[in-house]
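Data block below; observations after.
Chain IDs A, B, C, D, E and F follow the sequence of writing; residue 1 opens each chain.
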Amino acid sequence: MLHTVNKSPFGNDTLETCIRFALPGDPILLIEDGVYAVQGGNRFASMIETILKKNPVFALQPDLSARGISVITNGVTTVDYEGFVELVEQHHVNSWL
Amino acid sequence: MLHTVNKSPFGNDTLETCIRFALPGDPILLIEDGVYAVQGGNRFASMIETILKKNPVFALQPDLSARGISVITNGVTTVDYEGFVELVEQHHVNSWL
Amino acid sequence: MDFVQDMNIKKIMHVLRHAPHGTIYTYEGLEMILIMATYDQDISVVFIGDGVYALKKGQETSGIGIKGFARTFSALDGYDVEKLYVDQLSLEERGLREDDLVVDVEVLSSEKIGALMKEQDVIIQH
Amino acid sequence: MDFVQDMNIKKIMHVLRHAPHGTIYTYEGLEMILIMATYDQDISVVFIGDGVYALKKGQETSGIGIKGFARTFSALDGYDVEKLYVDQLSLEERGLREDDLVVDVEVLSSEKIGALMKEQDVIIQH
Amino acid sequence: MNIGILLKEGPYNHQASDTAYNFAEAAIKRGHRIDAVFLYNDGVLNVSKLMDPPQDDRNISSRWTVFSQKYGVKIFACIVASKRRSINEDVLIEGGVITGLGTFTDIATRNDRLVTFGD
Amino acid sequence: MNIGILLKEGPYNHQASDTAYNFAEAAIKRGHRIDAVFLYNDGVLNVSKLMDPPQDDRNISSRWTVFSQKYGVKIFACIVASKRRSINEDVLIEGGVITGLGTFTDIATRNDRLVTFGD
């Protein structure tokens, strides 16, 4: 199952909640303000590293670019909208709003 | 200055942010989903007790009733919409959204 | 394209995560569940986070001028929507027990709910 | 009732707390600030929480199909809106420094910002 | 006391419109003057007369019209925010006025208080 | 693959509508079929033809019309949610259809995937 998260982890616990229910191996795709979670050097870098031990983490490149985020946490994969579609081909979707 | 907070403290950091900027003595009024912060026995009871040492805390009774909250954390004052207006008479307003 | 015939029975999970009244998501979520229930799907409803507050007993909304809907959850049973799951941690963090809720639910760990999510054909978060 | 004459000069603070693009609040907040600035008020703008991300350099929005507006913050200076304050903790938590921002700002502690809030006639949170 | 209200969310989806209304009624009952209600962001959606909620529910835009007529208060909607959100003169309720942010600046500066409701 | 889209927020105020559109375009480019876009909650505000944003900005409802015509995809809006939010046949864009939640049940069940966008 593909989990998408579109909220900034600062001030909102959607990512944390998602992680609590995601099974090992489930990919997590960060979109919209959700991509702030993988901004390199911010408070969530170590949380992302912990998540990566169980789940692959993806971030939507157009949303990263729109927010001026060029350095991202190690191990996170960037995808464009086409890559988003590819993930949807492979998995049912659970969109955490 | 009167600070209003309308978000549940679960999953959203608006109350915490508000508290960081409120000066000692400033009243905090919880409205809408913000009233969950003073539901007796939940995870935020001790945070409210800490806030009460510096700031009076009010909660809007119609919003408490609508949410079935009959037991609230000690030291919190309930007000109706008229009491909300009274607080606005006494203070300029900072509505944390 | 016929929108009513040829419907397959699918496993559909509705996830309610918002407190009632402050936003409409849980209320309109419930409206959707009630309609879907008339179409013979395999429906489950999960309450996570502030969503569990939607089930709290004793909600009296006349003071805010908004229609209450807690009692409508009891109607789900009549529509054969019987799989109501509540996230245990969410309940505990809010100092609530099953007694405090307007309907009978099954309280599950996040692991169990996660496993149920994996089985679904469709998940709708409200 | 005349809406333009007789206007007093008031101390008005705009608080921007939302990240750009995900929601419109910061963008429409900026639109409001630009209009208000033409009315000779004593305006200050404070960036708190994800609001500081609105000032991040290097935002390139063409990929999401939304108009960027980071550069518009530079225009505030031309409207004599010179009091731009950034919350220090918010900046630090995001691993950002003043260098990373598109305009010159004053970085202040939450205590200092709290004291400034207390002085205002009007505070508008966006 | 003169009180201005800024409302930043649309009807039904958020409680903001209801809270603003209940607050405004209570303020008037206590002898204050609600100088104006100003709608911004999705708040402009409050003044569409096409609103048609289920019969057992409140009609939020009609309620603003009644409020406007009863107390002589205008419900102002920001024109730029309105155009983005499909609000124009053709769908405007009685008591609603589409106007610029200059009007809001005036409301914010001439009142004793500004109270904001939103998400 | 057949993909259904559920969109739960209105235009401009949230990015959801833009992300849904960009995703749908990309899915079609990869050879998939977007079966339908279903609008719920404030999402119904996407199909008003009265939308009139600044000229240098995207027009979100026109974009859905073009999308609908180009790919033969209907943009369905839930009728109950629409009535609450002042959306009716008079203001509906081309390609928009006001319908019941039965239509959504069908979309959700007959597709290989349902992808939700919201707040």
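Criterion: contacts are C-beta pairs under 8 Å (C-beta built on N, C-alpha and C of every residue); 3 or more make two chains touch, one makes a residue touch a chain.
This structure is a prediction, so every number in the text was calculated from the model and none was measured.
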item	value
Shared chain contacts [chain D and chain F, defined touch]	A, E
Equivalent interface positions on chain E and chain F, same or different at half	same
Cα-centroid distance, chain C relative to chain F, in whole angstrom	24
Distance between the centres, which are taken as Cα means, of chain F and chain B, whole angstrom	38
Centre-of-Cα separation between chain D and chain A, whole angstrom	28
Multi-partner residues of chain B (each touching 2 or more other chains)	6, 10-11, 13, 17, 32-33, 62, 80, 92-93, 95, 97
Per-residue overlap in chain F, given as positions that touch at least 2 other chains	8, 12-13, 15, 19, 22, 41, 57, 80, 114, 116, 118-119
Multi-partner residues of chain C (at least 2 other chains)	21-24, 49, 64, 66, 121-122, 125
Chains touching one another, given as label pairs in label order	A-B, A-C, A-D, A-F, B-C, B-D, B-E, C-E, C-F, D-E, D-F, E-F
Partner chain B, residues of chain C touching it in the complex	19-23, 49-50, 53, 56-61, 63-64, 66, 68, 70, 93-96
Chain C - residues contacting chain A, complex	17, 48-49, 89, 110, 113-115, 117-118, 120-123, 125-126
Chain C partner contacts - residues on chain F that touch it in the complex	6, 8, 40-41, 80-81, 100-106, 108-110, 114, 116, 118
Residue ranges of chain A in contact with chain B within the complex	10-14, 17
Complex contacts: residues of chain C adjacent to chain E	21-24, 64-67
